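These are the structures, in structure tokens.
Here chain A shows up in two complexes: once beside chain B, once beside chain C.
After this line comes the complex of A and B, so read on.
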């Protein structure tokens, strides 16, 4: 965890007010609104939320991989000292795969089926002028061994379909590491994997991060993944960050009612009553088409009151050093609500 | 790869045998050959004599085996009409048709592939719509009419190109253009469809995320995946062009295999018809085999089957 008080290193990525709009036939859809965060060198920043909350599209905007109907704007979107939003395709392509790389969700589809692993690993290295083909192969073998693939030099000649899902995701991770990036965006890196492989893949990511000092943006809907890997978390709902906090603090003192709901939805082994039902958050994510007014979560919120629908916009409130939440209710009453849900146990 | 090849080859041989049986059988079923050969005014005795002379009195299976055995040595019998060896007849006519078919396919691919790729990359743009327009035009316009239009413009008005015969390469230009419009639309639309699928795929997103150049993303990562159905279709189209160029051949007075087949059917020259049928299907099977092998080269997953 980065220590903010001693020396505050310059963030590797600094995003302010990132807005992504999708032009749909039925109107403009605000996929993200006012998304702001800083990512420090060497830290893992998790963005968590339900599907459709804008967590993936916000990162796609950083990579310049938005679909054609999408438009992104931001007050600032500075990566490694350079403004990357609105950069020409040519300039952006020098950054992508080089200092900023990405791990996609589904290793079954993110490797090209008609080229060998070796070909796909080496091309990015050669593309970014890191060396010739022989050096690229050397690097690929080194990284494949590092991500735990045995017999790496023979595996270079394998095609994706000859590897299992877990191995393929290791290949994808190795591919993201080829040019020694400063930041990796991992979009649901374990969602498509078997549960047994998930933890090992996460552990691998954590190891690599320590070893090579990378920063990671971890996009996930799984709070378990967040807890095991990240330093800080942003919880997104309906295109907005509703709470951001250091991971330990988020789990200890979840402040926003949505965060509280999410945490309550994690099934645990220690439930006293085995017959108790799993928690869910009632209701549906609101439509994001057109301008939004008030708090987006109010229709599902147990603590909502009349003001929630009246205000134009709910502002982020700071509570403590690195903890902020987007709710009209004061911190005390929210924490009291959380403690109340859990009786005396918390 | 070898196992795959042997398997495909085995299937191809079986198909050739089946086709030969069918082509042999169909002609026997179309009427009493002895009567046709003997002519309209022949007596019963003459017909019987003819039947024995041509071996038509024997069992069908024997007749087939006899024909197939000879066919394997290249002896396809003689024409009933000109008494020339059928092999000779086909050998003089096939190159004209084959040249036409290959050049038409080549032209169609050269136009359709880039057009399909651009239409997919610039989806719903004016390029895409123009390509769609060309495709609709190509499949809707009857090729004999298109041939006449071309003859009128380039042969009669502009006097740029010869309009009949096969004396030089220039003679093949107009027929090639005509014939290529028959197969170009399908190849173009299939390329476009495959490219759109590929461009939306995760591995192409990955390729962009790796910072690769657009050329590499489009032509290395997307096109190779889009190509499989195009290769298969091209092989089928080539077979279609070989057998289906009769009309174009007659418009441009090319003495190809299409016109030979047409003449032979009219004359009831059954050894020739049967052999053309057989040779064309043989080539067709060969092309299919070839396309299977090309696809196995393109996509390693196919080699598993």
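After this line comes the complex of A and C, so read on.
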């Protein structure tokens, strides 16, 4: 994305050219390439893509949670005025859980089964020097009630296994909120939950965000979640951001052929009909081992032409205020293709 | 497409599965009714979905159909013969499974061809050459390139592994396919490929398919008949068009409203909490859904509703008629919690 920090309020998080490389026995795997984005205060930024596209590992890099075989570098990775990539563990632990916190997919594995939820909630607060145990308890009760857990002070003595999955995820959300973070990274926060619980959990996140002025990075594979919660979205494919736009615009004018394919694959998209084929994206994601040349999507792309494999790197093209896509084709012809798929006249 | 007057391929009659559970060491053993009095006929060649959330008993039902879980009471007939009268081998020729996670359902130490051929080797006296031919046929059928035959599951993507699992399920030429969440571990673009494949295969081979899922949008796209389960019981059963356009059971209505559309103008409803679903070991008296139901009356709190005909579908709800009339008069569905 082009630098646009001048026009907007200062971003809470600014990432430029984040590269994560995994050293594997068969060669270096480029998990992310040139990932750049800005997160503004109070906005929800969704990163959407399929497994292996690098959406999670890019955020793990920010949190300093990469596996040992991974190496991350970036031109800039500034959170709240501070460069966070390559900070020592000690300095990072002052930020993590404090101003920058995270919600993981599976609430059972992100809670410690041998401690009560009260212990786990208060620990963060006391550890970051926000107050004593009594104040921590008070804050924990306030937040548990806020996330809709009844009888909160009694629930503090419960162990994670005594709670249902949806309840546990709300405890995890409350825990992420304990130190009033500025940014929460939510990695597939509702994927492990039942559908009826998923919707309420997302609505809760939206409410908390408004109430406390949080910024959220929402990592998901589900475009339904993206549509219902996010302000802006980046679509990732094979380690690169291939399209970024305000959410409404992405769904109205999906420009990159991958985004178009992804939207058309959703079973609830369009008119459901048991007799018609579901739209698919043929083929599969290319191997990311070794240096890539050309467009990573070209083998699955309905609009690919010879140049797509020739160029060294496809650059992001700007179209409109805050909309960019990584494709050699001009915007008009891509939009015409999208409309043509729906039988609309162009 | 299929003949509904003929003998059903699969007939479940009052099937019940319960497990003893103990809350604490000294407390008396309770009972968890995972599947509770489920009756269902599935016609030959039909593609039917069973939907519900975790703990509703849909996977236990799948295990029952595969002969992996004995029933506590009730009968199951497959092609007119009691399931209990089939031997394990005979059953393997009638019913085959496709599981959710192709990473754990394939043997990682066997090649793709060996994985696919496994059911044959166990139950048929075929020469190696014949087996190889059958494997190649089936790989072609599921669009798996033959060059993968000596690969191992770990070298393949999730979608390819699920194709291997489908090939393995079809190699005994079964009549019934039980698919338990076959695409929930896959990416959306791959999910669509596998769903299309499953539907094409069931048509081409005239398979009777039971598709178990929690994802209503997938179900709507795939099948013509849907059974909705809640806490071990079927609460609504009917044509998918009817169920999606005119859901009668309040739980079905809640499920359908929980589908997140890929539409940025959609607004999430305000949050309401009900303290979680009911405890399956101690379900509420009357209709199991009554604590979460905005229409619940005293009757719902005392008497269990039976699955009865309601319009073009079957529904287990005391109040469906009032709800239907009230919605027809333009009533807005209240916020369900």
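Note that the second predicted complex is superposed on the first by the 332 of 346 C-alpha atoms of A that agree within 3 Å, B and C clash if a C-alpha of one lies under 4 Å from a C-alpha of the other, contacts with A are read in each partner's own complex, and residues count from 1 in each chain.
Basically, a residue touches a chain if its C-beta (ideal position, glycine included) is under 8 Å from a C-beta of that chain, and two chains touch if they have at least 3 such contacts.
Worth saying up front: this structure is predicted, and the values here are computed from it rather than measured.
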Chain B and chain C placed together on chain A: clash or fit? fit
Task: With the two complexes superposed on chain A, say which partner A:87 touches: chain B (first), chain C (second), both, or neither.
output: neither
(request) Check the residue A:124 against both partner chains and state whether it touches chain B (first), chain C (second), both, or neither. (result) first
Which partner does A:161 reach: the first (chain B), the second (chain C), both, or neither? first
Counting residues of chain A touched by each of chain B and chain C, the higher count belongs to C
Inquiry  = So in the superposed three-chain picture, is A:66 touching just chain B, just chain C, both, or none of them (first/second/both/neither)?
reply    = neither
Tell me the contact category for A:335 with respect to chain B and chain C: first, second, both or neither.
neither
Expressed to the nearest 10°, the angle that the Cα centres of chain B and chain C make at the Cα centre of chain A is 70
Between chain B and chain C, whom does A:114 touch in the aligned arrangement: first, second, both, or neither?
first
Touching partner for A:204 - first (chain B), second (chain C), both, neither:
second
The superposition places the nearest Cα atoms of chain B and chain C at a distance, in Å, of 5
As the complex stands, chain A meets chain C at residues 50-51, 148-150, 164-167, 194-196, 198-200, 202-204, 206-207, 221-229, 247-248, 250-252, 261-263, 265-269, 272-274, 277-282, 284-285
Interface with chain A, chain B side, in the complex: residues 201-203, 205-214, 216, 220-221, 224-225, 298-301, 304
Counting only contacts in the complex, chain A reaches chain B at residues 63-65, 89, 92-98, 101-102, 104-106, 109-115, 123-124, 127-128, 159, 161, 172, 175
The answer for chain C against chain A in the complex is residues 47, 53-54, 157-160, 187-193, 195-196, 199, 214-218, 220-224, 240, 244, 254-255, 257-273, 275-277
